[in-house]
Amino acid sequence: MPENIAITGLGAISACGNNAEESLESFALGRRNAGKVTLFKTELPYSVFEVKNFLGKDTAAMRTLNLAFQALEEAIRDANLEDLSEYRVGICLGTTVASQLNDMDFYKSYREKGSAPLDAAKRFLNSNLAQAVAGFLKIKTKFCFTVVNACSSGTDAIGVGLSWLRNDYCDIVIAGGADELNRVPFDGFVSLGVVSRSLCLPFDRERSGLNLGEGAGIVILEKESSALRRGRKPDLFLKGYGSAADGYHLTAPHPEGRGLDKALKIALSEAGIKPSEVAFVNAHGTATKDNDRVEGRVLKKVFGPELKFLSTKGFTGHTLGAAGGLEAVFSALALRQGWIPKSIGFSEEDNEIGIAPVRQKTEIKGSYAVSTSLAFGGNNSALVISNN
Amino acid sequence: MDKNRKDKPLLKDIRRADDLSKMAVFAAYDAFVDSGLNEDAKNDLGLILGTAFGPHPTTFRFLDEILNYGDANVSPTLFSHSVHNAANAYISSNLAIHGPTLTLTDFNKPFYQALLLAESWLNESRSENILVGSVEQYGKEMEYILSGAAPELRFKEGSAFFLVSLKDYAKKYGFIDVLTYRDKFASGFNLAASLLEDKR
Amino acid sequence: MGDNKEQELKAIRKKLKELLVSHLSLEDIKPEAIKDDEILFGEGLGLDSLDAVEIVVLLQRNFGLEVKDMNEGRKIFYSVDTLANYIYENKKNN
């Protein structure tokens, strides 16, 4: 009988809160902390979800790393794991921005003069997210890399953690993702025509695109035996992970969502549960025409029209590499608290989708939650989390 | 890179791709064809790509766009190719792969990490067969950066892919018994290249 | 008047074909080989949704034209002819 993998720590920072408690408060109050871009200069007027009142511990580090460190510290405190020295630890984290050297000042200088100060470049070379976290925690481990699978990175990183633990390579894995709001993806997503001019409306008939956000979501995954040995009785578990490629197109999802369908089947099968046992789904729900149509239809097909589901991107924006991490944390919190917030931004069902997310704060009945992520480039991933 | 490859349909499908994605597609495609696996195998075929620097030249071209044309007027095609998982997106759509796919980045040993993960997935039966590879692209900006910030790194470009499995196929090049890694710098690509040399 | 219009349209179509080939990396195709009534998406040139948003940028940069809404875009981008006509009509009004 394979060992249970517990989730013993949670950490989250995004526009809806600088920690888990603040996030839950925003959910309960229906607070959408969106506004115009303040983090960099831009002519583009689109709304974004920036983290407020946050400077970050390390002024020399990229913002993405600082966001990750913040969520990490919360997760570690939550897990009561300040001393990791006795454990075999793995670190797997997803990002988009931290993997790119896109510093404009550096490039402008290089372009004009053929030379530039190398501070930004050196910072980049020290910014492999997983390696930076290993350094921050003073951990040496060969199980340490950064996932760059676009929008499913955070979910996939958690899936890797599950793999490592099941293979007994590690006792504990720090997994999730982080991304800062950055000019390059901002301009890029706008150019693709998928950014909304107003606040995003996931799954709504009138939806017209996503809003970008930023943040970090981190879970501490731990073998149940390890947690029990150190006197912790876990109340949350990671039961399954499924991932499948559409194999279809660089930017558009497969029209019938075949990759997502497959990923869900694998995740549910690993967890040993039927779709009817799922209490709710935290959907990817970016509010683009394509994603929500494809995802919504697959959710209806797999779980039936009575499914309770939501997109928390109405509260956080699309946080790219952080999304999977944040949404795993939110799903875990919801199971623990016994409720999910309303799927904010939604009011009218889209007939082309044929299913609607929850319109108000809703009590959860059941032990299992699913979190889905659909990446640019066609990878689809799903996690099954339980509270028993 | 031989841009005069004979497989025209493949070239047409990747017409917009940058050189990083093209190299990865050719290497992955060749590895799959070389394996002799039939089309059915693609249903659950896994795909893991490791890279140290990803599509950095395309990122700089995208910065050119912003500087030349402004935030509101940049090329969505260039942006789509500046994300690290673009190569895998091309490989999976060109080879019609429907298994799990993952791109990872690590400055020191991306190919090694990719192989470790492949082993992990194979043990879990997440896939029966996995295409594992690594790709790096040369760029003058990155060369400038490395010569100033990390002069011990020598910068080359290329891609190598292996098809790995726990199954005992009649045609096989060998086994990967023990994965070890020496801590001194050795790019994932060099490791892959030296393994390939035996093949040749 | 009619001749002028036809000449201008001819020039626009020629430029458009060159831009499509270079901007969309249509490697095997020569601009001259593209028919005037060539359908851009699906059959014909076989362009896709990413090419569509790229054409929006192409119009902005080379002709100073904005396509406000992609539904509008679908009709304009039907063929080389419809695109050339759109450019001609809107350049006039600018």
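Going in written order, the chains are labelled A, B and C, and every chain counts its residues from 1.
Please note the rule applied: contacts are C-beta pairs under 8 Å (C-beta built on N, C-alpha and C of every residue); 3 or more make two chains touch, one makes a residue touch a chain.
What you see is a predicted model, and the numbers here were worked out from it, not measured in a lab.
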Chain whose Cα centroid lies at the greatest distance from that of subunit C: A
Pair joined by the larger number of C-beta contacts - A-C, A-B: A-B
Distance between the centres, which are taken as Cα means, of subunit C and subunit B, whole angstrom: 35
Between subunit A and subunit C, centroid-to-centroid distance (C-alpha), Å: 39
Interchain centroid distance [CA atoms averaged], subunit A/subunit B, Å: 24
Residues of subunit C touching at least two other chains: 50, 53, 57
Shared interface positions of subunit B, touching two or more other chains: 16, 74-76, 80
Set of subunit A residues in contact with two or more other chains: 191-193, 249-251
In the complex with subunit C, residue positions of subunit A that touch it: 191-193, 249-252
Residues of subunit C defined as touching subunit B within the complex: 24-28, 50-51, 53-54, 57, 60-61
Touching residues on subunit C, where the partner in the complex is subunit A: 48-50, 53, 56-57, 70
Complex contacts: residues of subunit B adjacent to subunit A: 16, 42, 47, 50, 54, 56, 59-60, 62-64, 66-67, 70-72, 74-76, 79-80, 82-86, 88-90, 92-93, 95-107, 110, 113, 116-117, 120-121, 123-124, 126, 141-142, 144-145, 148-150, 181
Complex contacts: residues of subunit B adjacent to subunit C: 8, 11-12, 15-16, 69, 73-77, 80
